[in-house]
Each structure stands twice: as structure tokens, then as C-alpha cells.
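The first chain written gets the first letter, and so on, giving A, B and C; residue counts start at 1 in each chain.
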Amino acid sequence: MWRRPFLWFIVAAALVYALYPYFTDDVGMRESLLLAAVYIILASNLNLMIGYAGYVNFGNIVFFGLGGYICLYLVTALHWHVIPAALTGGAAVSALALLFGLGILRLRGAFFALATIGVNQAIQQLVVNFEPWGGATGIYLSLDAYGPLGGPMQALWTTYLMIVAVTTASLLASYAIRHSKFGLGLLAIGQNEDAASVLGVPTPRYKAMVYSASAFLPAVAGGLYFFKSGIIEPSSAFNLQTSIEAIVMVMLGGSGTILGPALGAFLYEELRGFLLTAQSFSQFQLVIAGALLLLIVQFVPGGLLGWVHQRWPRTRRWLE
Amino acid sequence: MSALLEVNNISKRFGGLQAVDRLSLTVNEGEILGLIGPNGAGKSTVFNLINGVYPPDGGSIVFVGQDITGGPPYRVARQGIARAHQIVQPLGGLSVLDNCTVGACFGRQGLGLVPAREVAREVVDMIGLGDRPDMLAASLTTAGKKRLELARALSARPRLLLLDEVLAGLNPTETEGMIETVHKIRDSGVAILMIEHIMRAVMSLSDRIVVLNLGSKLAEGSPQQVADNPEVITAYLGDSKLLSVAEKPA
Amino acid sequence: MIGILASVIDGILIGAVYGLAAMGLTLIWGVMNVINLAHGAIVVVGMFVLYMLVSALGLPAYGAVPVMIVLGFVIGIGLYWIGVHRMIGRPELMSLLSTFALNMVLIGLGTAWWTTSPYNVQVNMPSVSWRGYTFTGTHITAAALAVVIAGLLYLLLYHTRIGKAVRAVATNREAAELCGIPTTQVLAMAFGLGVALAGVSGTLIATMFPFTVLSGEAYQLKSFVVTVLGGLGNPAGALMGGIALGLIEGLATPFMPVSWIPIVEFGLFVFCLIAFPRGIFSFTKA
């Protein structure tokens, strides 16, 4: 698999992404890139559901938020190091998703999409009422928590690199799944679930597996991100809006492709950064995102990459 | 000949309609069994029961000694039963080759991706889609989609193939081609259970025929026996002129 | 005991309004197989129409109800052509995303205009007292209006030619088209009707409770719970589902902290989706 130039391209791009702000020592750039990286993780993993299996998960942010909570809880209450804490968060959320997936994935299409909204909101409300996690006020980190990473300043750089690593892992996972039997089964489900089942694709198991797989890296990223922020609260951890924006990103770049969602996330984040700084637009961020989604869905449902593929079919082979 | 598939007394009711009523039938190794009957006789329902799309209300289905009653469909497929649908169900966004690769990956042999692709390529060539393996399934013609249904089912390397009106909607030349293909499949050792409306084709292809009416078995036997059965003539053929066509197999 | 009875009755009153909102959602679903994710935003439009008419123009509060029905119908037809028409017959996911995009635009415009701070419209209605318990006049009026509007919808759907056309399109669009029914216009009209129902329920809710631009989300989720209880695509079931939800809320309130109510609702929602995908109250096939 390492003979494929596409993989080297991903790794090279990730290295540039990781090292550019480091060598220029540009903290502002790092923060903007970090946010984009988090969005790439969310979009890329959401794409496993939307683009591959054809299931819209409106509540995808619940993985990110729960991962963040578990990680911060382990760091503050049990004094774990952030890396095992984030990984544990990822594993726990992934296992939870597997259990949950077996239930709600019995629902098809729109019913599933509705249920995911319900799941996100229910978990947010549960956390609001859950005192060990600080209820509505959430969990705060004290500065001591950054000690193991060499102090707060150094910790910011370290978490940045770790998040870029998770981003790279997300893209590689997207690639690996796309080129596996598992991925082929998912694509079949996405095209026509009944036909896939008659062809022998074990649909319930595959759906639960991809739901669980799409939970792992976002949950790890949630741990790292909220560790870096030093605070997590229910409203920011389970923000339905972010969930929806992740869908916009996937659609913008091209659902079902490997690079598309990452491209969409990056572009969307840059666009938003621009709109936020431009005075007259800052109020209309939501309107613009909505209008963008509307235009994509109606006129270019394949997104940027889908459009390129349609315009120049040969690009399908190397631009995945 | 030994029995490959044994259907014992299966029934299925939808609301007020008894779609299948205590039906039993057997498909032997290497044979083509035709399943005929007037519209609404429950033929497609029988297929849906066999490959586990829905569970029967009663009765059992045994395939190569294994009880497969009630599915789920993917488990039945794994056992070695593949199906070509009456209403074609291509995975439209995937290429012809990928469609067949799905069949090979998740069918009886459960191959890995690379060997599955090879099997798919072979089958695609044999079925006559070899000139357009990279075409998206959605952009095939109707005849092409019918062939793809069949190719995809065959890629699974099944022991039993369920063919649901694969000839419907084809023009005479295409029909000839398809009949030839079905012969080829049988010669490769795959047993076939086929639903078909085109009498000439059923009569010439089938080793035995089961006639279904209102969900239960009306008659069973060789094509000639069935065609001579007066009950079949009144219930199904109705018009004796149709019979004269049936009596002269091509 | 009487205390519980009082909160149950109040729950039923509010539930009737939930049912009205859900009817808008379920009508659209039943006719064109589109789950309207702009539903919540439209409920909010209804709230702010009340606010504008009462505060800015000085209209009597219930005068806003007929205005909102007409306005909602017009807005609905507009939204249909902007965001829904091209989605008809395409995969469900596309119409979900498209109506969600409409939702974002509406909420975004609303936030820019009114910010997210709470608004309140003072409506004076005499309360009804009974054995020492008072039932708020606005709740009783809102429930009564909801039932009246639901009755009018029933008459429209089952006793007019237009209603017949709508039901024909819902059952089989192609066959309806072959019978000479202008299906596109019927779809646009059904969407308009659904939006009008959602909007007017927002107006009624705003006579009872304070609201913000973001209130829609909560009511949208309630509508989902109701439609799932009542069976998607089943307007009569929606009213019953609404009353059931109101009843549950009313029953739960005395026994648990308010912050737990949403958990019960969402839990119920997910549970009903999985356990009763056709709804509890769906006696008839949608």
C-alpha cells in the first residue's frame, strides 16, 4: 500500500502543515491551522458515514464532545497524562458508538438522521445534569495540568502537532477503508442497502462498525482540543451547529472522496475566518454557510471533487 | 440427483392477502426449475422468502442441509444462493466491475478484494460486459443492467441462482443472447430457480416446472406434463392458443 | 392529587399546540416524503410575526393568527421553489440537507435582525379558576384555536377538491399526474400549508411563553417526538401525539427537576423511533 503516490502526498502535506507554523513561529497561523485541522478530522470521519455508507449523522459532534469530557476527566480527576487519556476517550466513545449503533442503525435514511439529533441532544442534557463532570459549568484545567508537557506554552505546540497527527491518521484511515473490502461493502450499502444485503454484505455489522470507526479519531481529537483549550462545557462540546457545519464541509469538498472532505473543511474554515474578520459579514456567517449548502446540494451535489471528476473523468484515477 | 434446496410448507401472509400458502418445492443439483404462474401468484414472494428478505410465517427452508429459514439475506447469500432481481437494482454509483466485485467479495466464497476483482473481471467478460467494465452501473442500458444483475449474482460463485424475470423487457435478439447465457451458467454446474413469463423460454430452458396459483402449488412436472395439465390450462394459460406456442419448444 | 390534575390539564392544552406544529411537519412528510428541517425556523417566524404585529403595528394578538396563516402559506410556497422543488424524487438525504440549509439561512437572518435575546409578547386573557387552580387564558385560547385550525385542515383535506388532489399526490404522484392533477402546484401548495401550520403554531406558542430566535430548535424536536408518536405522515395522529407529549410533560413536571425533562423527551424520541417506526397512533396507513 505504501507504493501509492497518493499516500506519500498525504504524509508530505501533513508534514508541511505541521512544521510551517513551527518554523515561522507564527502563533496566530498555528491557531487558525489547528482549528482547520480539527474540522478536517470531523469532516473526514463524518464522510465515512455520509459519503461511504450513505447515512447522515447530524449528531456527529457528540463523539468529539464525549471524547473531550472523558479525557479532561481523566486528566483532572485521575491525573493521567493527556495522550493515554485522549486515546482512552477515543476507545470508550468508539465502544459506546458500537453499542448504540446496533440500536439506532436499524433505522433507515431520514429516521436515522433524526435519531442522531436526538442522541446528541439527550447526551448534552445528561452531561448538563452530571455533577462529576461539572454539570452546566463543565471542567476546567489548572495550569499544573500542562506540567507533563513542559508547561503551557510548550503544551500548545505539542497538542498542535498531536492534532495534526490525528488529522493525518484520519486521512490515511479514509484511504485504507476506501480501498478495502469493508469499504466496498459500505459503498454498496450507501448505493442500495437492500441490494447490498442480498449480495451478502452483512449490513447491520458493517453499519455499526463504520459508526464506531467514525467515532474514534474525532473523540481523540476532542480530548486533545479541549485539553488545549483548558475548559470544556456542554454547550461548546455538543454544539449541534458545529455538527451541521461538518456536513457542509463534507458536501462542499465532495462526499465519498478521500481528499474532498478535508479540502471542504479547510476551505470552509478559511472562508469563515475571512467572513468573521470582514466587519459587514460577521453577522451573516450562518446565512452564508446555509446559502452555500443550499447551492451545493441543489447544483453540485458531488461537491468540488465530484465536479472535477465529472468535468475531467480521468482525474478519478489519481485524485481520490 | 440430490436435493440442493428444499422448501417445506412455507406460508406468508400480508395483511388480508395469503401470498404464499403451504408451498413445498425442491431444486436438485444442477437442474433448472421453472416457477410460473399468473400475475400475483406469489412467485416473487417465494424468492423473497428463500433469500430471507422476509421470514415466512411457517415452514422451513433447507439449503445444502443447512436451515436458512428467515434469513437474514446476507447470510443466505454467504451460503451460496445468489439472486437477480426482476426490477434491476444496480449499485448505480459504482462501476460495472465494482458491482461484480461486491458480489464476489460477499458471496459464497467471501473472497478478498484482489481475487474478487479477478473473478469479477472473468464474469464480466463471460456475460458480455467486458467492453465497459469501468462504466458507472447507472449509465448502462436496460439490457446492460439486466446483464449486470446476472453478472453480479454469478460473481458470488453461487450453487443456486434465483433468476426473477431476467428476460422481461429485452428485445428478441437480447432474449436469445440471455437464453444462451443461462444455458452456459447451467452447464457450469449452477442450479437455477427461475421465474419467467415468456413461455417459450421457460419451456425450452426448464428441466422441471412448478406452477403457482394464488400462493399454492397447482402442478409440477416436466414442461410437457405441465403444458398438458388441464388445470394449468384453465387457471393459468386460460387461452388454449397460448398452449400451442408452448407445445413447440424452440 | 389535584395539583397533578391541574398540570396534566395544562399539559394537554399546550400539547394541542405542539400537535398543530407537528401537523405541519407531518403533512409535508406525507405528501412529498421530505422531512422539513426548516420547521423550527418557521415556528420562530410565527413567533416574531406576532411580535411585529402586536408591538410594531399594535394589532390585537389573535389578529395575528389569520395573518400568519396567509403569510405562512406564501412563505412556504416561496421556500418550496427555493429549496425543495429540485429535491423531489432525489435521495432523502438531499432534501434533509436542503431544508436544513434553509433553516440556517432563516435563523441566521433572524439572529442578525433580532439577536438572540429573549422576547415576550404580553397577551391579556382572563384566566379560568377551578377549585383554587387557575388555568391561564392564553393556554386555553391557544389550545382552542389549535383544535379549530386542525379541524379546518381536516375539512380542507377530506371535503374539498384541493384536498383530494393533495391526497392523490401523496398516495401516488405519477398516477395523480396521469389523471391530470398539476402535481408540482399541489406539492408547492402542500408545502405552503405545512409551513402555515408550523408558523401559526409558533404564533400561538408566543402568546404563551417568551421566545428567542433560537427557540425553534426545541419546538422542532418536540414536533419530531410528536410525529414519531403519531406516525409520520399522519395529521390526525399528530394532534393525538401532541396531546400525548403535553400530557407526558405535564405528568413529569411535578416529579423531576426541569432540566431532566429534555432527556425524557429525547430518550422517548429515540426509543419511539426504534420501537415504533410507524407511530403509536397510526391506525390508518399514511
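The criterion applied here is as follows: contacts are C-beta pairs under 8 Å (C-beta built on N, C-alpha and C of every residue); 3 or more make two chains touch, one makes a residue touch a chain.
All figures in this text were calculated on a predicted structure; none of them were measured in a lab.
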Chain whose Cα centroid lies nearest the overall Cα centroid: A
Inter-chain pair with the most contacting C-beta pairs: A-C
Mean-CA-position distance for chain B and chain A (Å): 44
Between chain C and chain B, distance of the C-alpha-averaged centres to the nearest whole Å: 48
Separation of chain A from chain C, taking each centre as the mean of its C-alpha atoms, in whole Å: 33
Residues on chain B engaged by chain A in the complex (per definition of touch): 51, 53, 72-75, 77-78, 82-83, 85, 89-94, 98, 101-103, 105-107, 110, 112-113, 116, 152, 156
Complex contacts: residues of chain A adjacent to chain C: 50, 54, 56, 103-104, 106-107, 109-111, 113-115, 117-119, 121-122, 125-126, 128-129, 240, 244, 247, 251, 283-294, 297-298, 301
In the complex, chain A residues that touch chain B: 179-181, 184-185, 187-188, 190-192, 194-204, 256
Residues of chain C touching chain A in the complex: 35, 82-83, 86-87, 91-94, 96-98, 100-109, 111-112, 217, 221, 224, 228, 257, 259-260, 262-263, 266-267, 269-270, 273-274, 277
